[in-house]
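These are the structures in question, set out in turn.
What follows is a pair of complexes built around chain A, which joins chain B in one and chain C in the other.
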Partner chain A sequence: MSAGSGRPPRFRAGESVQVAGREAVGHCRTPWYLRGHAGVIASVHGAYHDPERLAYHKPGLPLKVLYKVRFRQADLWRDYKGPANDHLEADIYEDWLGPADGKERGR
Partner chain B sequence: MTHDHDHDHAHDEHGHHHGNDHEHPHPPQKDHDAGPMSAYEVLEEAVRSLLIEKGVTTADEIAAQIDLMDSRTPALGAKVVAKAWTDAAFKARLLADTAAALNELGIDIGTLAEFRTIENTPGVHNVVVCTLCSCYPKLLLGIPPAWYKSLAYRSRVVVDPRSVLAEFGVRVPAGTEVRVHDSTADLRYLVLPMRPAGTDHWSEERLAGIVTRDSMIGTAIPETQA
Partner chain C sequence: MSNSPVRTTFLRDGAEGRAVHDVGGLDFGPIDRHEHDPALWEKRIDAMLILLATKKGVFKIDAMRRVIEDYGQQEYDRTTYYEKWIQAIRNLLVEQEVVSADEIEQRMKEVARHHRDAGREVADDRIDWSTGGTR
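Presenting the complex of A and B:
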């Protein structure tokens, strides 16, 4: 739950971000299909226990800030069939996000 | 016991009799505990007995959890949607703080996951999925449908949501944004569908009757005629 993390969120709503393209060993809540892609922070959910530690019976600390990130479907899928305004939103933890550098990974 | 005997017996229990109105052939219903246990069933039973033996939990606690889960059904969600349709102030509170609004109606969703209500509008049609597993607002809507956990739904609704929605009978106009919510973390999403036209004088109870489970996932639209 959103207990204080002690640190202010790194990103604000409206900021462009990029999901890290890295691999993860073990439990991880960042879906593969979003890794490396750019999106926009839709909202800041607050600080939550770290699922990558909780999964291994650790207390899940330090808390991680969780964001709702909004992606354009046309950016995620090169041959997306729907209109340009269709979006996908997912909840991503801060350590998986960096500032958007414009070098979006293609698919 | 012969195979035929099992078949007839099962039918008698359900009030069916082979006769005038029930001639069509169909496979016998297997008892759920027929055959050897799977490795996971053996593991579950072993861990459960150990947890009870060591005093970590009790059989009563497990039964109470099962009862709690069984008490949550889409009818509960439908009641919430109908209330939001008829009470603008409640709707505002539901969108702002879903858990607190549900509490007003005596619905306790616990603290394991946070709930968010996402509103369908003429401009946005929301649909919910969990691509990683099967996250679902269980403490409001109960156990998710089998298709929600299927690989086909979980992968296809993300890549090609409009085709998947069309297969469910939902055609979203091109001018309306389709917004897919992948519930990847601690939040669970409830879709607040749009109230159908022509229901202005309907009672809350009658409105609740047209709010289906799928309409609260985003794969259906409430219809005024069934």
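Presenting the complex of A and C:
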């Protein structure tokens, strides 16, 4: 499913990013519990057809870059009781990511 | 060719702006971790999806996710995993104009009659064609 993209990825592994806090209309692959949270790019998966368009029988273009993003569990869940270095990794498309602004989403 | 689906989101009651299906992190009680073998009907649904989405290209898996997400909260919470699949497959076959809703209903009646004639019990359950809850 991966295919060459015309544009290079916007983010590199190790960069801090923030998931958009917006609401989606229609199908999207960014779970609610990650929206607004800051994480770090773990790796760049490559460019894929856009699921938000494929879901409506469209060709899924332009391709979107997909990243593996790593989050601290303690940032995601209120009163998280696990070890402080616990992480969660999720695949997030580039249009849902921006540079980290240093502000974690309030919970 | 398709009956253009509408881009919409149905929200889960009392869960901020979460869509109906987007329940990660909400409390639904303990998870049943018992393993079980899939039933024959579940295996058949699995096979149908592979044929339609991969081999025949009638729709993409993304479209199936979208249809399931648009069920509305009551239907989403009531149905099991493969029930969600078969309902979505049925609706997508109609949306993509492979068969009509009337053709499916007609065939369902024939199958039910066949089983009744053979002395088998037939459930009256039917899957509602309308989808979606309140916005």
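General remarks:
The rule is simple: the second predicted complex is superposed on the first by the 107 of 107 C-alpha atoms of A that agree within 3 Å, B and C clash if a C-alpha of one lies under 4 Å from a C-alpha of the other, contacts with A are read in each partner's own complex, and residues count from 1 in each chain.
Just so we're on the same page, contacts are C-beta pairs under 8 Å (C-beta built on N, C-alpha and C of every residue); 3 or more make two chains touch, one makes a residue touch a chain.
Just so we're clear, the structure is a prediction, and the values are computed from it rather than from any experiment.
Superposition of the two structures on chain A leads chain B and chain C into a clash. Of the two partner chains, chain B is the only one that A:His45 touches; chain C does not reach it. When both complexes are overlaid on chain A, the residue A:Glu23 reaches chain C alone and has no touch with chain B.
With both structures placed on the common chain, the touch criterion links A:Asp101 to neither chain B nor chain C. Contacts of A:Tyr33 after superposition on the shared chain: both chain B and chain C are touched. Judged by the touch definition given at the top, the superposed model places A:Trp77 against both chain B and chain C.
Once the two structures are overlaid, the count of chain A residues touched is higher for B than for its counterpart among chain B and chain C. Applying the stated contact rule after C-alpha superposition, one finds that A:His57 touches chain C and leaves chain B untouched.
Listed for chain C are the stretches 9-17, 63-71 or 117-125, of which 117-125 clashes with chain B, judged after superposition on chain A. Judged by the document's definition of touching, chain A residues 31, 33, 51, 77 lie at the interface with chain B and also at the interface with chain C. Listed in rising order, the residues of chain A touching chain C in the complex are 23-27, 31-33, 51, 54-57, 60, 76-77.
Within the complex, the chain A residues that touch chain B are 1, 29-31, 33, 45, 48, 51, 66, 73, 77, 80-83, 85-93. Across the complex, chain A is touched by residues 2, 4-5, 7-9, 16-19, 22, 24-25, 59-60, 62-63, 65-66, 69, 96 of chain C. Listed in rising order, the residues of chain B touching chain A in the complex are 111, 114, 131-132, 158-163, 174-175, 177-187.
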